[in-house]
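Both complexes shown next keep chain A, but they swap its partner, so chain B is in the first and chain C is in the second.
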Partner chain A sequence: MSDIAVATGPVVEKRRGEGLTATALLAPATIFVAICLLAPLAFLFRYSLNDFVATKKMMVEAVTIANYVKFFTDPYYTTILATTVRIAVMVTAACLLLGFPLAYVMARTQSRFKNVLIILTVLPLFVGNAVRSAGWMVVFGNKGFFNASLQGLGLIEKPIEIMYTEKAVIIGIIAVNLPFMVLTLQSVIEGIDRAVEEAAFSLGASPATMFRRVLWPLAMPGILAGTILCFILAMNAYATPFLLGGPLFKMMAPLVYNQFTQQANWPFGGAIAFILMTVTLGLTLVANLIFQRRRAS
Partner chain B sequence: MIAVIRRRAGRWALNGAAGVALAYILLPLIFVVWLAFFRQEIPSFPPEGYSLRWFAAILDQRKFVDGFSLSFRIGVLATAIGLALGVPAALCLVRYNFTLRGPLANLLLLPVVVPGVVLGTAMYVFQVEVENGLDVDVLGTFYALVAGHVVIVIPWVVRLVTASLAGVDRAIEEAAQNLGANAWVTFWRITLPSIRPGIVAGALFGFVTSFGNLEMSLFLVGPGRTTLPIVILQYLEWKIDPTIAAVSVIQILLIGGAMLVTDRYVKLARVV
Partner chain C sequence: MARLDIENLVKRYGDFHAVRDVSLSIADGEFLVLLGPSGCGKTTTLRMVAGFIEPTAGRVLLGGQNVTLLPPWKRNAGMVFQSYALFPHLTVAQNVAFGLEMRKIPRADIDKRVEEVLALVRLGGYGGRLPRQLSGGQQQRVALARALAIRPDVLLLDEPLSNLDAKLRQEVRVEIRELQRQLGLTTVMVTHDQEEALTMADRLVVMNEGLVHQVGSQRDLYERPADRFVAGFVGRSTFLEGKIDTPGRFTTQGGLVLKCVGGTTGPAVLSLRPERVEIAPVSQEGGPLAGLDNQLQGTVEFVSYLGSLIDIHVRLSPADRLVVQIANREGGFAPDVGQSVHAGWPASAGQVFKA
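The block that comes next holds the complex of A and B.
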């Protein structure tokens, strides 16, 4: 009996010491994120339940869902939400289509330029959306590269209006999100054994069959992760619609900013922010569930 | 024979499709760089000639210089604090097993998932509350901006350091301790050197994320205190010209350089 006590004594003490060390290591970061992220989100949600007196531009303390009701009953706002979802879906589909071949080539290449390929894909990610929008402005402006080239070739008489239309916004967001899709797919495809593909070929499968029956199912986790990431980013796009869509084009993220700074309507702005976040996460969850059910069956 | 030709054609089609996607990603950057060297001010094609004068013109515009300096200082400070908080947290998440490990790990990674606009509005509201509650200046101050940026740096540090810790062989640490090294010496002499690639990558990704952040910062900047991405956004709202393109070129060079340095320490292919 006493032997056991002696034997377990130091072990217990060591455990307690470990617990202290673990807490000391993790607590600062956790407390910081809790104060600077969770508390603000809680406050924002509380604000979204407040009232707003438009005539005085003042927030009045209350507990009401009026802001949420206002959003969903006014077609002006529901149209903006619908536009945002539609654009996000189109952008995501385009990114998957464009991104898969590049991801596959990057994953399978033996070339020593593989790192260059990856840097070229990652670099635009970090350069910032405003700068990339500037690039599209140079391409699509009335005297821009696209119109000047077509006019120079005599294909069109008047410049085609692309800037400040939905087309420009979609083209711009695809370029912003494509690297995320490519990098996600690439890391998953790299994990698929090359031999599996070779096996399919040696059994007589055509490239199309191999893709449909082998590569696509095996890459599914990456396709799902990339699609979800791309969709979330497109839903929340700010700089691209702001710069390429012009003042009349509206998506959700610029709308939140507008309500906060131009209208000073914090309760409504907060409500829109939460609606944006909930719709995004909700659609993501639905996609996840559909995928899992398909897998199970 | 036909099969070989078909396979070769398939290969070309695949590489072609990949090339199109890569060109699509790079196209906006290529045009920004091109515009920076135009002689005329209006971005019309074909260019009338080429000139370097726009790069000199940047220095005449205080807002670009100030914006760059502010973004740089915030980035450096936020990265330093992010490392001080994130590296120990990553160490704890990998080395210790406890009930709340999963949720806490998710909490530290959460800031990258929350949309920038939501992050910005939430922090703005919170800082107003703190300002009213404690009667001190918070909103629009340098340190409030840095605090916001630390939140978005932490996930990168935690993610990349966690990944590199997973590859460290614990036997070496145990060997060091068996030979008489205490916990501190083991950490400084064994653990830290072996996770240096993860720390370097985390620091650079964190810095670049902070330096380029736009959405959140929009809500947190004060009068006369504007970060470079916001200066660029506000300028582009009015016009696009070679000056702003030259500013962008400098930013591209800076970030490209940072990526190349990171790539020497840790293969980017493994961290992104």
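The block that comes next holds the complex of A and C.
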């Protein structure tokens, strides 16, 4: 009955106004989130259960799961979902692969240019996705910088088709997401004592073994955070697939936008939005569980 | 265990000489301590032996084998780090087993060895805990156990006690020393704490600015310091600046003429251990000072009471001040500030170094 003993013990008197200040400080953000995130989501979810009369382009009040059924029974839409998940997984894996060495070097460097390195990593975030994608279009086009250079050097005869393919979209999203991965990993690796790596070496571990047995497990919180961040961003990528993928390449976020603006089909758009959100959340949770279970064993 | 030879080791970083030409031989089973102020190159030397730093020049021989170019994981050196560097995600037993797993030893043998080594450092039964669940002293012992488990050719200790509180440090010193003797471990320890160095070492190496100033036993360093740096760094010394007029005769800047042993004519410094100087009241002619080569009158400027000892600063001339340390005996002489006293010492108590 130790709880009771604690409860009946002397209560530390709160300083006057402390609770009030805390409320005052927390309230604005809480209200903002409630109004600007939860309310629209609630409305959107309600809309996704409505009917849509295609001929009049009109939403009709109802409670039906027809929109969800429509999405999952039409291979056109399920293919888009599959593409989105596939692209997001590939991008995330690539970001981890490319980002880890860079994050490691940035975390461990003693150079006085370390801050410059960090700024250079963040610099791409100063350029909006749309602007950047426009830049990629110039580089990747059939007569763009990339193909022109290779042709000029005589390495290829015909231009390599990159623009308006999956390749372009993947490269584009990696470029957007990489800084997030690198920064997340870097901050975690910085918290790992360098001496721990040296200890592993002195005990006979080769660099590969040290990485597998020491660095990787200790960096796991950062790997998890970076991977989740990167995956969510990739799943919801809009500008990059829209601009670099061309009209035939479909991912979920542009599809949602299309339903709202081109088709004026709010119920179906809402349903797709919720499917995207749920799949993203679900996959993130599953990955998290698998990681954590493997860590525990 | 094996002998360790360091031959003409040099480490340069651009223009900065971290280590300049260090040569040392550590016999099988010997406990060698590298002692020096921070930045003297002692840690760099140790890390070159461990293989974490590649020397600019020179060789490291472990058991006669040249390991200079071997990476750390191919040398059989057990290292205890200042921060302990335990693997925080592994249990105590897994930490200790790590090096054995790297050596592909069968599981059953690993478990047995881990248990033995943990018992050796008095941590039997702690195998299942995580490092963060242990006290600093216990973590330190796990680090030691982990290094010992691989039966290293040489044990390297990098300031292993600096993160422990003062009382625990004294216990652990003795503990490590006894373990080292019992197992016959060839050991190199780095420290800036001279008391630690003096209690633990078979032999000491005093380093400063990348150079070895003196190698020797505790007695060698204290009684026969090789130069002014060693005299000042190991124990305490009062330095009187001046010159040697003729061998055996030293004149201070303040004009005091003192008898000393040897020395070559020219600018020099006379170093005196505070406890080798006798002190007596002026009134008391002869007494403890009778027959001493140097007898001078001075004024007490400062007294600090240290319990078992008393430090007395005596002004001998406007330019010369001497520190005298006396035992705090009942009924013993204890002068006050401002009092005139006689200070004296035999010529052999002073050490003369070229300035």
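In this section, the second predicted complex is superposed on the first by the 280 of 297 C-alpha atoms of A that agree within 3 Å, B and C clash if a C-alpha of one lies under 4 Å from a C-alpha of the other, contacts with A are read in each partner's own complex, and residues count from 1 in each chain.
Here is the rule we go by: contacts are C-beta pairs under 8 Å (C-beta built on N, C-alpha and C of every residue); 3 or more make two chains touch, one makes a residue touch a chain.
Note that the coordinates shown come from a computational prediction; the quantities given were computed from them, not determined experimentally.
Judged by the touch definition given at the top, the superposed model places A:137 against chain B, while chain C stays out of reach.
Legend: residue contacts after superposition of the two complexes on their common chain; A:105 is shown touching chain B, with no touch to chain C. More residues of chain A are touched by B (comparison of chain B with chain C).
Of the two partner chains placed by the overlay, only chain B lies in contact with A:123; chain C stays clear of it.
Once the two complexes are laid over each other on the shared chain, residue contacts for A:213 go to chain C alone; chain B is not touched.
Using the contact criterion defined above for the overlaid structures, shared-chain residue A:204 touches chain C, although it does not reach chain B. In the superposed model, A:193 lies in contact with chain C only, and not with chain B.
Contacts of A:87 after superposition: neither chain B nor chain C is touched.
By the touch criterion defined above, A:271 reaches neither chain B nor chain C. Once both structures are placed on chain A, no chain A residue is touched by chain B and, in the other complex, by chain C.
Those residues of chain B lying in contact with chain A across their complex are 7, 10, 14-15, 17-18, 20-22, 24-32, 34-35, 42-46, 84-86, 88-89, 91-93, 95-96, 98, 104, 107-108, 110-111, 113-126, 129, 147-148, 150-151, 154, 158, 183, 208-209, 212, 214-215, 218-219, 229, 232-233, 236-237, 240, 244-245, 248, 251-252, 255-256, 259-260, 263, 267-269, 272. Interface residues of chain A, counted against chain C in their complex, comprise 193, 195-196, 198-206, 209, 213-214, 217-218. For chain A in complex with chain B, the touching residues are 18-19, 21-22, 24-26, 28-30, 32-34, 36-41, 43-44, 47, 98-99, 101-102, 104-106, 114-115, 117-124, 126-139, 141, 143-145, 148-149, 152, 172, 174-175, 178-179, 182-183, 187, 207, 232, 235-236, 238-239, 242-243, 253, 256-257, 260, 266, 269-270, 273-274, 276-277, 280. Of all residues in chain C, only 50-52, 71-79, 81-83, 85-89, 98-99, 102-103, 146-147, 150, 156 touch chain A in the complex they form.
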